[in-house]
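Presented sequentially are two complexes of chain A, the first with chain B as partner and the second with chain C.
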Partner chain A sequence: MTEIMIDAKNIVKDFKISKGLFRGKENLRAVDGVSLQVMRGEILAIVGESGCGKTTLAKILLGLLQQDSGSVELCGSKIEQIPRLELAKMVQPIFQDPYSSLNPRKSIGSIITLPMRIQGEKNSDVWMKKALQIMDLVGLPSRMFDQYPNQLSGGQRQRVAIARALINSPKIVICDEPTSALDVSVQSQILNLLNDLREELNLTYVIISHNLAVVEHMASRVAVMYFGEKVEESETDQLFSNPQHSYTKMLLSSILSPDPRQRIKKN
Partner chain B sequence: MTNLPQTTSTLPVSGLKSRVLRHKGMMIGSTIVVFVVLLALLAPLIAPHDPYQQDLLNRLKPPVWDPRGSWEHIFGTDHLGRDYLSRLIYGSRISLLIGIGAALISGVIGTFLGVMAGYFGGRVDMVVTFLITVRLSMPVVLVALAVVAIVGGSLQVVIGVLGLLLWDRFAVVMRSSTLQIRSMDYVTAARAVGCSTTRILMTEVMPNVVNNLIVIATLEIAHAIILEAALSFLGLGVQPPLPSWGLMVSEGKDMMLFEPWLITIPGVALFALVLSVNLLGDGMRDVTAPENRN
Partner chain C sequence: MADQVLNVENLSIDIPLSGDILHAVDGISISVNKGETLCIVGESGCGKSLTSLAIMDLLPQKAIRTVDKLELNGTSIANHSDKQMSDIRGSKIGMIFQEPMTSLNPSFTVENQMVETLARHRNIRGKEAKKLAVEMLEKVGISPAKQRLKQYPHQLSGGLRQRVMIAMTLLCEPELIIADEPTTALDVTIQAQILELLARLQTDFNTGLILITHDLGVVAKIADRVAVMYAGQIVEEGSVYEIFDNPSHPYTRGLLSCIPVPGKIKRGEHLGSIPGMVPSLIGDFTECRFSGRWEESSDKDDEKIANLVSLEGIENAFLVHGTTDHIVRFCCDSCLKKSKSKISKGVN
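And then the complex of A and B:
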């Protein structure tokens, strides 16, 4: 448990926003000096409100965006120096919306085997076997291999997305709100699946969420982001029992109690 | 086929076929288009006479439904005694060639520019948008007229000029639909998986914008056919004695009052072809949309 998988130091990312013709551009600091360390096998949750830079941070960790300053190291090597295909084998994303994360023109089989084909695996028997194996692992019946995404339910689509992310056995999986577009009953299935897969495949997760129940259920450590900055980071139990930052307190007090007599505290 | 409930088919093709058969507009459109294409391909076999053969003794014979007409010349003859039906059949070659040729050239230009602009954005988008604006500020017919007047009218020149002038709609539509697709998570996923930009454009973006492309292509085929007719009518398109439908209308216009079939026959042919190409395009869009696959 001591191997450092992700080591991010002081990441800063600015976006230039055009205010209109001739009015110049304005800087928007999406991520402001965030440092994170994730150990092997750990589940780090990043929570925070919409627009606080969680997704930008995730894209930087995936190598899809370049940070303006600071450094990201994955498994000990700088992310800029890892070749594209190597990076793809190291870290994979799972997205929020399974309706937009699968190309509607491609069959499930071709979506799941794409990562292998990209890595240069030419033998179609090898992909078929591997794809059916991973489909079985994520709980998809093999008859779906030739079906198209619009023939599948939301939960099944998310399983396809998970299968695609895991087929090349990456070390790190970055889940950007993996359940928020799903039905409540399906949410728990997907979360339990992710948990089982982590144990089975020895994965490291970074989970981005604003569902605190998900975070409490899954994460071993939680980082709270607020306006691009990391305002708090601690073990999950500790964060839920003894929040330090005022934003974290506000976030926790917004959880609804199942007891109808208990009212939401106003501050 | 029986009325038993069908189980979900794993082959997308069979679903496509039944959707095509159920789409009335597409059936009508494709029937006429296929008919015209066959006419064009088999013209030498079908045409009863040589379209260039003049017969000055049999000038301006009326068509067969007129009491003075005969089965010798079903659609009558024109002012030089050439068989009108044969000219109409050979004219379909010109119309289709110009329609498809011009749409192909403009489609390649417009799709390339539009997809580049939509996918890369930023400076590329600015340049392409500027090019589109420049193109839109040029009146097509005037520019085509000017170019043809300078270079001289011939089939190749007309195809080239129309091809270089009709790419704007392709570019605009491809740009906006690529913009939409680019922000989808499956494009991001393909990048994260390690796909190259070319591969993403070819396998993730293009298949999802191609149904728009088909619709625009049919619109532009129809547009090019009409523009060719207009240019030929003005005497600057295809040159006589080639039997273009627009040229036939043009040559008949002096005799419109007493021999109206000289204009109505090629006019109806143009109308039917353009309408059916448009119907076919609309049908293709409806049938290939992935939402309709079930």
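And then the complex of A and C:
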């Protein structure tokens, strides 16, 4: 269990923001010297407010963005040196909005099997078999193979996104707000599914979320980001019982617990 | 009741589709008193937003609204003309929507928009209007208010924009505020601030508030009374303590078991869930709205069984434990049977 899956050191990412037609560019530091280590089988959560750089960091870990300085190693090799197809086999994303992350013109079957076809699997029987297997695993009925995303509910679409991410048996899955577009009853189904799959397939998750209750339920370790920097990182229980940074304290105090006894006092 | 701000009885909304009818809302009744917060919770598509639009007569044109009673402060507004309604909206009923960026006009300054509201509804213009606008911005915690007045919506952050929206809503001192998911688009830290602000201002102004949300955490924080909606009907209604302490409809219980609560459920353990899917509301209902959504009940659920007293006049509606402020309603007989509730025939 001590195998290091993700080893990120001192990641910095700048974006150039145009200030106007003739006024040159301004530098915006989205991620400022963040280091992370994720062990095999672990669930690391990254929390922080919108614009604090958590999605940029996720994109760097996925190889979708190149960091300006610092290094990322996945399973022991530098991310720049991993060929694209190999990288896709190693790490896969699940995005926030299942309404925009699935191509509306492709059938569910074709969405789920696309990663296999890209990896060069030519035998359509193999696709079919593997796709039905994975659909069963994530709880999608096989009759949906020929349906289209618009015929599915939000929860089912998120299951399709999960099936697509898992079909090539990746080692790491990066979930960017995996449930924030879903209803609570569906959210609980997806969280249960993610937990089951992790045990079954020995996955490592990085979960990005602003919902601290979800983080507390899922993650073994939590990193708190604030204005591009990692301000605190510790075991989940420790973070929730003994937060150190003032921003973490503020985050924790703003959790809305479903207990009417903690409501804003009136009268 | 003298201090009742809004009274809606038997509201239904039908939306004709090609060849069929979507029964989006099916006979719901709600009321709000002065200074009271009613939260309507439910999953997407259960009709909670349409209900709020129906109260303000802002439904899409082809939607058909039928209602037995729609009273604002004791006066019926069910048959008001468009012009009459437009006088009421903004002055007597205030609205706060989910995404403050789309509900503010991007090409006018905050001042333009606030002063326009005052001119339209209260006939206050010029310096006095500006003074009132500054005062109201200060009340919602915006400083420096004078500088903010000159800014455009895109220069404000999400939380500030929502504060401006709230300030605009309060300018005409409405009797009722309808807030549809007011904090969903905001960060958690900002969300807590906005909820506190809403609660404080509502008490100060003694306004009735209908807050629509899908987040039970928000409900627990701010509600006095809660209505749980499912598939176009209110399945359970009661005081916030009753709903969280004695949820009596299996759907409410299911919803409460779905949310992870720090410290309550062990990490990695399964959260509760509601099996199946929300039924399609197109066409007439022949079967139960909850078919396929009942958890196989285990023995330990027995202790949760509610004592129900039937309520006269409404089919399958019951008072829970005989308390008058907690009503649960089942959609059909089979639902009622499956819930295994104990029924005693009581007086109303």
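As a working rule, the second predicted complex is superposed on the first by the 258 of 267 C-alpha atoms of A that agree within 3 Å, B and C clash if a C-alpha of one lies under 4 Å from a C-alpha of the other, contacts with A are read in each partner's own complex, and residues count from 1 in each chain.
The criterion applied here is as follows: a contact is a pair of C-beta atoms (placed from the backbone, for glycine too) under 8 Å apart; a residue touches a chain by one contact, two chains touch by 3 or more.
Please read these numbers as outputs of a predicted model, since none were measured by experiment.
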| item | value |
| --- | --- |
| Overlay on chain A: chain C relative to chain B, clash or fit | fit |
| Touching partner for A:Pro258 - first (chain B), second (chain C), both, neither | second |
| Partner chain(s) touched by A:Asn192 [first = chain B, second = chain C, both, neither] | second |
| Degrees between the directions from chain A toward chain B and toward chain C, using C-alpha centres, nearest 10 | 80 |
| Touching partner for A:Pro115 - first (chain B), second (chain C), both, neither | first |
| Partner chain in contact with A:Ser100 - chain B first, chain C second, else both or neither | first |
| First, second, both or neither for A:Leu87, with chain B first and chain C second | first |
| Touched partner set for A:Pro243, first chain B, second chain C, both or neither | neither |
| Lowest C-alpha to C-alpha distance for chain C against chain B (Å) | 10 |
| Chain B to chain A touching residues, read off their complex | 8, 10, 12, 184-186, 188-195, 199, 203-204, 207-208, 290-291, 293-294 |
| Complex contacts: residues of chain A adjacent to chain B | 59, 62-64, 84-85, 87-88, 91-93, 95-97, 100-106, 114-115, 118-119, 143, 146-148, 150-151, 161, 164 |
| Complex interface listing, chain C residues touching chain A | 43-44, 158, 187-192, 195-196, 199-200, 203, 214-224, 240-241, 244-245, 254-262, 265, 267-268, 270-274, 277-278 |
| Interface residues, chain A side, partner chain C - complex | 49-50, 153-154, 183-189, 191-192, 195, 210-214, 216-220, 236, 240, 250-251, 253-260, 262-264, 266-267 |
